[in-house]
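Below are two complexes that have chain A in common, paired first with chain B and then with chain C.
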Partner chain A sequence: MKKGLVSALSSIVSILIGTLFGLILLIAVNSGEAFTSFGKLLSSGVSTLPKLAKVFYQAAPLLMCGLSVGFAFKTGLFNIGASGQYTVGAFAALFGAIVLQLPWYICLILAMIMGAIWGFFPGLFKALFNVNEVITSIMLNWIGLFAVNLLCMNIPKMLPPFWVSSPIKDRTAALSYANPGAIIPKLGLDKVFDSPYINISIIIAILIAILMWVLINKTTKGYELRACGYNRFASIYAGINAKSNIVLSMVIAGALAGIGGGLYYLAGTADYNIQKALLGMGFNGIAVALLGSSNPIGIIFSSLFISYIQVGGEALQPIYAKEMIDIIIAVIIYLSAFSLFTRNLLTKWFKFDRHSGNVNDDPIPPVVPTDTEKKEITIAPDAAVNESEVKA
Partner chain B sequence: MSGFEMGMALADVLSATILFAVPLLLVAMGGMFSERSGVINIALEGIMIVGALFGCLMLRWLDPAVTAGTLNSFIAMLVAILFAAVTGAAFSMLLAFASINLKADQTIGGTALNMLAPAFAIVLTWVIQGQGQTTILIPTWSRITAASLGITPNSSSILQKFLFSNLYMTTILTVILFAVAVILLYKTKFGLRLRACGEHPQAADSVGINVYRMRYSGVFISGILGGIGGLAFTLAAGSGFQSSVAGYGFLALAVMIFGNWKPWSILGAALFFSFFKVIGAYASSLPFIPTVRLEGVSTYFWPMLPYLITMVLLILTSKKSRAPKAEGIPYDKGSR
Partner chain C sequence: MSEYVIEMLNITKEFPGIKANDDITLQLKHGEVHALLGENGAGKSTLMSVLFGLYQPEQGVIKKDGVVVKINDPNDANALHIGMVHQHFKLVEIFTVLENIILGVEPNKMGFLTMDQARKKVVELSEKYGLAVDPDAKIEDISVGMQQRVEILKMLFRDNEILIFDEPTAVLTPQEIDELMQIMRNFTKEGKSILFITHKLNEIMAVADRCTVLRKGKYMGTVNIADTTVEDLSTMMVGRKVSLQVEKGPENLGEEVLHVSNVFVPSKLHKGYAVKDVSFSVKRGEIVCLAGIEGNGQTQFVHALTGLDKIAAGSITLMGHDISKARIRERSKLGMSHIPEDRHKHGLILDFSLEENLVLQRYWQPKFEKAGFINFKAVRDYADKLIEQYDIRSGQGAVTACRSMSGGNQQKAIVAREIDRDPELLVAVQPTRGLDVGAIEYIHKQLVAQRDEGKAVLLVSLELDEVMNVSDRILVMYEGEIVGVFDPKVTTVQELGLYMAGAKRQNMKAEESEVNKA
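And now, the complex of A and B:
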């Protein structure tokens, strides 16, 4: 319990410093408006029910991406590919909805499968060829984005002109006219919150988070996956098949991000915009996972927080660029990157059990992308260290 | 198509290939220095953005004082490059501090910096140029033309087409920097020590090498090269600075891995990548490329190819791939 408390505290410290940095930045950019805008940034998310609805609406895909990255962290992998998995998931969901005219739950399953496939490749390449999953995931992010754009542009049914008379060709057709049955049900929440954005997606996401918590902490498979994350060689020695576990954990991570893409685009309020830049959701998932210490329950709260300040960020416009929020989030991730340091400091200050801040308890095992499983020691000739020169 | 037209098209493709290979080469070399010292530098994308931002700002500030084609346009360009290098290096120190002093996870620290850089660039561009003005335009004098060197422009010379259609100061500088980098890495005491720190820092420490200082130097060099690379990319892209380097930092990482952390292989890999990028852009006008009847081929299909091919190549060459042994592991004097 104390361990959880310390990591929650260290996240809160990161958040406080990050927000303070944001305030300083606001003052530096435009001191006259800084304090009122900062107030808006902090309070906007709860100022009205529709704003709160938007917090929940954006938190659902963030939560899924956070779970995706966090789950991979737990198993010793860095899933920087959540963005690509999210994008292909979104495409699969929209393809199912618009072209195949399927109901929303089937579309979500399609999104999950497509995301899982996108996670499968880096996992497979890591397991079989020991290719760093970070680099393949980054490649697959771009491949996914470009492939999705190419497909969207070349399937006439995906675009608005097929359904309504519209000149718009840079985004997918809206679900409201293409297939209303694919919109995630709102169960009357839209009336309660007085907003078209809210639906049951946040509830689905929270349920999946709880499911993940059970999987990681209460099942044998979860134990195996975590063991591989802590020490792969020890788990191989203990008879765990590390290779299949790497693939499995990337598949699960991909599936989670894929569902995130489905949840966001099946809400019926946003169309997929054909653009050249990677979607930020997957990268924000990294922030969410780090803030939540990769713990599914922690990730529920951290996704709500990130979504909350993003809604606050919209209130900064037009005086400030909304990218201010990205700076704050980046500072928070930067600080949580040395969470170990913060945690040790906190442990010292509050005199918690010394072992709680120990290196071995760190929930995020360091990413060592190039550890060779065979442990062959081969030194390339150019890298061989010439002894005489070192002495000199 | 006549032989002359073919020659002109080829000159065009080759000069564009070199133009886009320059940022890839610089940044991948930067990544190499950092990783050879033991620090994974995933923040290259962010470093490029910061370098490009300040380099372009400097060009913009110097613009009124410069007349195209005169000596001061070259000096102004060098000042901008220097500024890009210094700011890139300063930004990279954030990574060095987190990963060397605080022993933070290097990949995560780098990811944070990658998020920070574009957001910071947008905010600063707004502050300087006013609300919503997100593009910093690059003055035309940044390109070196035949006329600015005192050579009579000849539109029918294939050689001139090759040399001057895309010539920037950064290209010339890159040739020099590449040579310096190879010598620095392989022929100096510093290079040897740097490599030792990336292979076995404990051993290096035991013979009196300051591992922290070496790793700081590695990251610092990657900051310098990354910053210049960012400016070089923006010059190559040609549409001004829009708070992005379009994933080139990540592509450079792939180039570095594909180049097996060695300068000459990295040079080859950079040219290879760049060639595919350029082929895509010229695909519709080149006779030997089959036409594909799809929408958005030039914007999405061709740019996708280098990534796909690299992935396949990474798998095929994975047996030979050999990363610095100690990269990504924070150096702890106490550990065994």
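And now, the complex of A and C:
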């Protein structure tokens, strides 16, 4: 059985299990409405063009965060810092747009650079001092969040009262009046979909995903990065500079999440909300990456799926409480991310490989993604480097 | 009472797509040493796993003293007094010898350990069988030989009657091997029965009474050792005639390729040096062998030589260039090839395909890289060429995942990759470890071919047969120092063994000058 097919199949099986559990939860909470609601949950995303537009709109930043986490997985690192990179990326984009009055594409580049910087430090510490990137990037998540909040609150130009008469001080100024030129172009898509949410961000994200696929699979650098990810010792043996590859890998991962932040907040439909909790987007990226088996092409589909389920969840209101919907979506995503487990099972069922026997040697650590909205952090074991045999 | 203490009759164990054991019969007599011989993948481990209840066979029965028994798990095997010394010891490093021996059968009174009683039994056993151990030493502090004695005592402490030794000699010096053989004979005098798993034919000839041979999961027969020869056994095992002797002509020495002088390498375990003041050189057209017991600094020396680790002092010169501080890639470009000791840790990226592994040392060369992109067509062509030339066998050719290949073919892939780089110096570290006779023969031929082509070869080996057969000059390493230089044509295995165990050492300054003259 082909590896790619097993991956795709395992993701689909996981999704089925996840949605089934979602249904059970719906029945448990309100059995009378469960089946109609379940239908809505599954069909709402394609029920109307504006809903579909919303799916695409949310999928773009999710796709970028998924790519960020997935790319790091491919190179043997666990980038749990996508949330922080996403946040600082968002800030850089908004700062460029509102304060510096730059056009959208320059703002996106700023977001990318800022995200890259946020990825650089965990990579550097990992390479130089072997500090686990999970720890440093979690720390940087919080540093990023509070630094951004602090900056937003202390730069008057970032807040609405500078631009319009408004008492609101807990969110950034809207691009519609602060700098319409920084809004990502819609190219008439808003007319086609009849929705203000849609713009070319999903196209940009898909193009970047394809670019990442090419980088990983076709280039010399990608070969080196994959080599380091699968077996750091063997790549050092082969003369590959593993340290610089670790840094590079985290920089790229950070840049991807940073672009994600830029894409979301430059859409002109959401303002950055100064809050005290980490943004869920980066953590959902972990689920997206796992569901997509860390394959950039797979991640395109998994991000669309998760976005689709989220849009479907909105249709359940007000029959179900918002929190309940979040839990149901979380359960679906949670079980969907079991694709790794399902893949191992499928591999075992369909092909017994007597020389390997250890399908668990996957470089992807067995992490469990977090809830969509509430942010818990699961610390996974260090990205598994193939352990050498135990010597007698 | 039955003639046989254990009988495994017509055992068949299938895994999806493969019959690991196909109608295998093994009958162990009371008080005999019975060898179980077979190449890697012949089904020895599966058969033992069946005996220990780790696998249930599809067909066949196991009898103990003529009575059919059902072994569902290792506890059942233990209850039948079957014990095993595994190839990789199962000891708790930070426990003492005594604590390890009682592990799992701790003598106690109401939950409190009664160590005195256990200690008495262990001391008695160790005196009775000449198994010298220090009951209070921690495992991490004692030699591999003593660790093995601990494993044997574990079996005796449990009053096991059927003792299984899985490749027990791989980690021992010749003297220790002789001792072990003597101990095994003592056991059989006591009426214990021994099952001895190995692929070293001369050990079978030395100690076994009978030998059962497996090949590719099939039963090839059981022979009386008195009526057979090494050649017959190897033919039975491999299925064809194998040359056990390495054929090579006289050496044809050329210029010096590698010069190592006064190299020190810091130890990772303690504050001292793992490699102390090592100096030697390797010339074109010779195979120099670094011999010694595992853990005497060979690994650290090779890591320092190949650039995986730093040296603390001294210098290394390759082809006239000082490479003491050079990066791995620079050493590689200067003509150093390295067949690493641990093929899974360093040698291969198991999740890469065979072709990706075959270009691991040259993917960056213009032939394979264009403007930052890998030319996969060139990679495929090159891989196909190597697969053909070096007879690397795998399920799907160039695209096979290396993880799914057999150990022998994985090693062939590494050997092919390293030799095909046309190196000036080939560093081969235990290139035949864990391989079967056919693959060993092949790799030895390749090493000799490199030497005959005028390459310098540095072989690091723990196998004395290999050391004696393949090399042109032997350096013995003990506790990080080179304690002797030998000509394999005039020295003996016993002599080497004394140096490897640290019992003797040459005056190295005198030797060095002598060798340089030669």
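Going forward, the second predicted complex is superposed on the first by the 325 of 392 C-alpha atoms of A that agree within 3 Å, B and C clash if a C-alpha of one lies under 4 Å from a C-alpha of the other, contacts with A are read in each partner's own complex, and residues count from 1 in each chain.
Methods note: contacts are C-beta pairs under 8 Å (C-beta built on N, C-alpha and C of every residue); 3 or more make two chains touch, one makes a residue touch a chain.
The structure displayed is predicted, hence computed values, not measured ones.
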item: Which superposed partner A:Ser235 touches (first chain B, second chain C, both, neither); value: second
item: Chain B versus chain C as contact partner of A:Pro167, first or second or both or neither; value: neither
item: Which of chain B and chain C A:Met153 touches, first, second, both or neither; value: first
item: Touching partner for A:Asn132 - first (chain B), second (chain C), both, neither; value: first
item: Residue contacts on chain A - larger count, chain B or chain C; value: B
item: Which superposed partner A:Lys221 touches (first chain B, second chain C, both, neither); value: second
item: Overlap of chain C and chain B interfaces on chain A (superposed complexes); value: 386, 389-392
item: Contact set on chain A toward chain B in their complex; value: 25, 29, 78, 80, 125, 129-132, 134-136, 138-140, 142-143, 146-147, 149-150, 153-154, 274, 276-278, 283, 286-287, 290, 318, 320-321, 323-327, 329-331, 333-334, 336-341, 364, 366-370, 378-380, 382-383, 385-386, 389-392
item: Of chain A, residues touching chain C in the complex; value: 218-221, 223, 226-227, 230-231, 233-239, 351-356, 361, 363, 386, 388-392
item: Touch list for chain C against partner chain A, complex; value: 15-18, 20, 87-89, 144, 147, 171, 294, 306, 308, 327-329, 332, 338, 340, 342, 344-352, 356, 360-361, 363-364, 369, 372-374, 376, 403-406
item: Touching residues on chain B, where the partner in the complex is chain A; value: 40, 42, 94, 98, 102-109, 111-116, 118-120, 122-123, 126-127, 131-132, 186, 189, 192-193, 195-196, 199-200, 203-204, 207, 209, 244, 246-247, 250, 253-254, 257, 262, 294-297, 299-301, 303-304, 307-308, 310-311, 314-315, 318-319, 321-324, 327-330
